[in-house]
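Structure first, commentary second.
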Amino acid sequence: MSWTLAQIAEHVNGQVVGDPDYTIRSVGTLTHAGPEDLSFLANNKYRKFLASTSAGAVIVAAGAEADITTNLIVVEDAYVAYAQAASLMYPIPKAAAGIHPSAWVHPEARLADNVSIAAQVTIDRGAVIADGASIGPGSVIEADVSIGRDSVIKANVTLCREVQVGERVVIHPGVVIGADGFGIANNQGRWIKVPQVGRVIIGDDVEIGANTTIDRGAIDDTIIGQGVKLDNQIQIGHNVTIGDHTVIAGCVGIAGSTHIGSHCAIGGGTGIAGHIEITDGVQLTGMSMVTKSITEAGVYSSGIPIEPARQWHKNVIRYRQMDKLFERVTLLEKRLKD
Amino acid sequence: MSWTLAQIAEHVNGQVVGDPDYTIRSVGTLTHAGPEDLSFLANNKYRKFLASTSAGAVIVAAGAEADITTNLIVVEDAYVAYAQAASLMYPIPKAAAGIHPSAWVHPEARLADNVSIAAQVTIDRGAVIADGASIGPGSVIEADVSIGRDSVIKANVTLCREVQVGERVVIHPGVVIGADGFGIANNQGRWIKVPQVGRVIIGDDVEIGANTTIDRGAIDDTIIGQGVKLDNQIQIGHNVTIGDHTVIAGCVGIAGSTHIGSHCAIGGGTGIAGHIEITDGVQLTGMSMVTKSITEAGVYSSGIPIEPARQWHKNVIRYRQMDKLFERVTLLEKRLKD
Amino acid sequence: MSWTLAQIAEHVNGQVVGDPDYTIRSVGTLTHAGPEDLSFLANNKYRKFLASTSAGAVIVAAGAEADITTNLIVVEDAYVAYAQAASLMYPIPKAAAGIHPSAWVHPEARLADNVSIAAQVTIDRGAVIADGASIGPGSVIEADVSIGRDSVIKANVTLCREVQVGERVVIHPGVVIGADGFGIANNQGRWIKVPQVGRVIIGDDVEIGANTTIDRGAIDDTIIGQGVKLDNQIQIGHNVTIGDHTVIAGCVGIAGSTHIGSHCAIGGGTGIAGHIEITDGVQLTGMSMVTKSITEAGVYSSGIPIEPARQWHKNVIRYRQMDKLFERVTLLEKRLKD
């Protein structure tokens, strides 16, 4: 397959600077791209590689095109345009419709005609799988799960009973949705189980990264809004709700019954306490520690980055002496006043 | 199915205030419950919803019942009573006994008569599965694993060779127990593997959350005590021991050879160094960093919660200047003395 | 099986002190070993157990043998020698060659003659599996994956399309390699997917712990160097590269496009930002927060360990008042000068 720069520019709503009939076959980074590759510049850190790139063409934002001699496609947002161009060139491969002979599908599951069920899959009673959806090898779809049109469940995924998955959702390998939340009550020193009877509802156009876990609700449902994008190894507790178009990077943990707004962006490794509210439009930088509700949009951070171990030792000691330092300064102030 | 308040009150050892013949069919939260739902008040944060709840009845602790007009079940501990009531109403569904035709069971595995082996399961040589136990779809039970009575292994679980699982244990999807611990030795710049020959022993009444991993011992065994409750995505290193009735929230990492006492409670995202001892009755709040042994019961914490990013930047700089600040204060004290 | 101390000493390049014909059958820790067990002393913390050990023989480093009455094997590095001895006594069991009847292998996959394919495995079109490699139960090998000689893929692993695995690699259960990286672009408030078209390349002699995830490259490949050892539940983002013989402990998260050098050692729970460079020979202690490139080898740390909760509360408040304290000290200095 190949595309002219004119075709790509039309698809991404951009302008060609250079030869519109130049032919592109694949994509490449500025440093590794060859003459048949389309590249892009979205992070100024990589601007230095523009002068020497061998890319056949480069997508750049308007205003960034000065002094570049290679073919360009000039757009409003270079990363969005690259995403659109790459999606044109690399459409998600559609698994062939059909049920693999090694899959086991309960006779009372309801599968639309053109679904794709891979090898070693298990689909239990009452599951409903809509048109165009596909289930990857080794995945387990428990009773009464529903999966919307054109959703893609990859390999070795587990969707527990009654999980509801919207349309065009992508769920990567190893994900577990709908396992019991961590509901326990302490009965005279021993922990007894609180039955987890809520469901998990996943909105349309959600993507969920590898080995992420989302617990079912204790009573009400756990809800992931439309267009939410979750990276790998995220843990979402029972009865959490996440607003539409929020993105969460890897290794984030969100404790139970916390509500996160729409259009938030949560950095990797962040921990969020249970039973709090985070309003719309909040950004948290990586490894943030959130213990209270956040009522105003904005950027929030915590954590102290690394330093050489020797200094770190010293600073930790100083940290623990701060309280005494405050007392010393107060005393100094008093003396000086006297 | 339905239950009268009198039946539920008897089961949870409580007193009905209101109509003992009132009929309940399900459970609900104070805000969403309807007239056929039983609700409860265990967290004072939600007390404000009591006045307007449509719940058919509410479980409350003695002393909290004032001014409530709905039916009540008054108990000593509302959350424990709710757990008991919900367990009555939603018993863990028992998988039908039998071996699914798509499962593969080694002829030298020993399965009690009424076990349930789901689709796509693998059970290897020498595995022993006791009465009433069930193995979920896609799970792998390696050689010489033993699983006690009435234990429930959910979907896509891996129990590696020789793992011993007690009775009434629940293991959620994606869990891996008994993989090799991280045992490596540096031989002139290259890392060589240290064989991991210990086992993992899981006590009775343990529950293990989705995608949690527990490594086998290097030489001695890794041991999880009775009644321990583990949330999702916990990592437990080789030769760790965890005392009875300890609970650990999600995303906790425990490095090798650390011993944790009984009746501890470890908050989510906590990291615990290797080769240390944590005594009984220790509570760690979320995201704690534990580098040394803890010899006294009590509550311990670390971490600095988020602040607006601009202040955070400033405070991190201040943190790094603390040592100089101490010098400045010492100098001031000296001058003032002079 | 049994071995004389002379045989073991020869294998580990050590000297017997005591009876070279003494027979050993297994290994044990100093505290639990019996007369047929070989033990070792590598961590001085455990030296106190030497006097009372019942071990048949103990491996110790030269210089540490004073006052010990049991049989010894004296070596240069006790832990390396123990690893070598234990590997002699406990060789990795080789799965029998053959394809289990419940496995599904695409007719266009290419399997060498003596590979071992376990139950419930899926191997897709174009996969290539070399001599001596084994695939554990329930694992999924997607299209065009290649697995090198003598590599061991354990149970319920997912290797996504085009992943390249070197020779003698060990991949533990639940690992996902080659899932899509977290590539999204914000198109007027909605996130659109950036196709992930790179691969993952795993070098020879790599070991990867349970439930670890390694994302495929966005354009270029994600690369794990030779001899790298990864513990459990590590998350490695797209286009990360990790240099040869680097080791990473559990629960580490590495964001996309970061390059880590050779012979690094990264402590558990560490978080590393994207698009940075870490040079060779860097050590990071547990729970480090890395936000910028590290250009010099050495030991780096961050994080403030736990303290009793009451002190922690006070110190967090003091931390937030630091900026004002600096102002107060500056004012004091000014006054004193005046």
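Going by the order they are written in, the chains are A, B and C; count residues from 1 in each one.
Going forward, a residue touches a chain if its C-beta (ideal position, glycine included) is under 8 Å from a C-beta of that chain, and two chains touch if they have at least 3 such contacts.
Being a predicted model, the structure only gives us computed values, none of them experimental.
Superposing subunit B on subunit C by their CA atoms means rotating through 120 degrees, a value rounded to the nearest 5. Under half of the residue numbers at the interface between copies subunit A and subunit B are found on both sides, making the touching surfaces mostly different. For the pair subunit A and subunit B, the distance between C-alpha centroids works out to 25 Å. Within subunit A, residues 102, 120, 138, 156, 174, 211, 233, 251, 303-305, 307, 319, 322, 325, 329, 332, 336 each touch two or more of the remaining chains. Subunit B contributes residues 102, 104, 120-122, 124, 138-140, 142, 156, 158, 160, 174, 176, 179-180, 182-187, 189-195, 197, 211, 213, 215, 219-220, 233, 235, 237, 251, 253, 255, 271, 273, 275, 284-285, 288-292, 294, 298-305, 307, 314-315, 318-319, 321-322, 325, 328-329, 332, 335-336 to its touches with subunit C in the complex. The residues of subunit A lying in touch with subunit C in their complex are 26-29, 32, 43, 45, 77, 79-80, 82-84, 86-87, 89-90, 92, 100, 102, 118-120, 136-138, 154-156, 170, 172-174, 207, 209-211, 227, 229, 231-233, 245, 247, 249-251, 263, 268-269, 286-287, 303-309, 312-313, 316, 319-320, 322-323, 325-326, 329, 332-333, 336.
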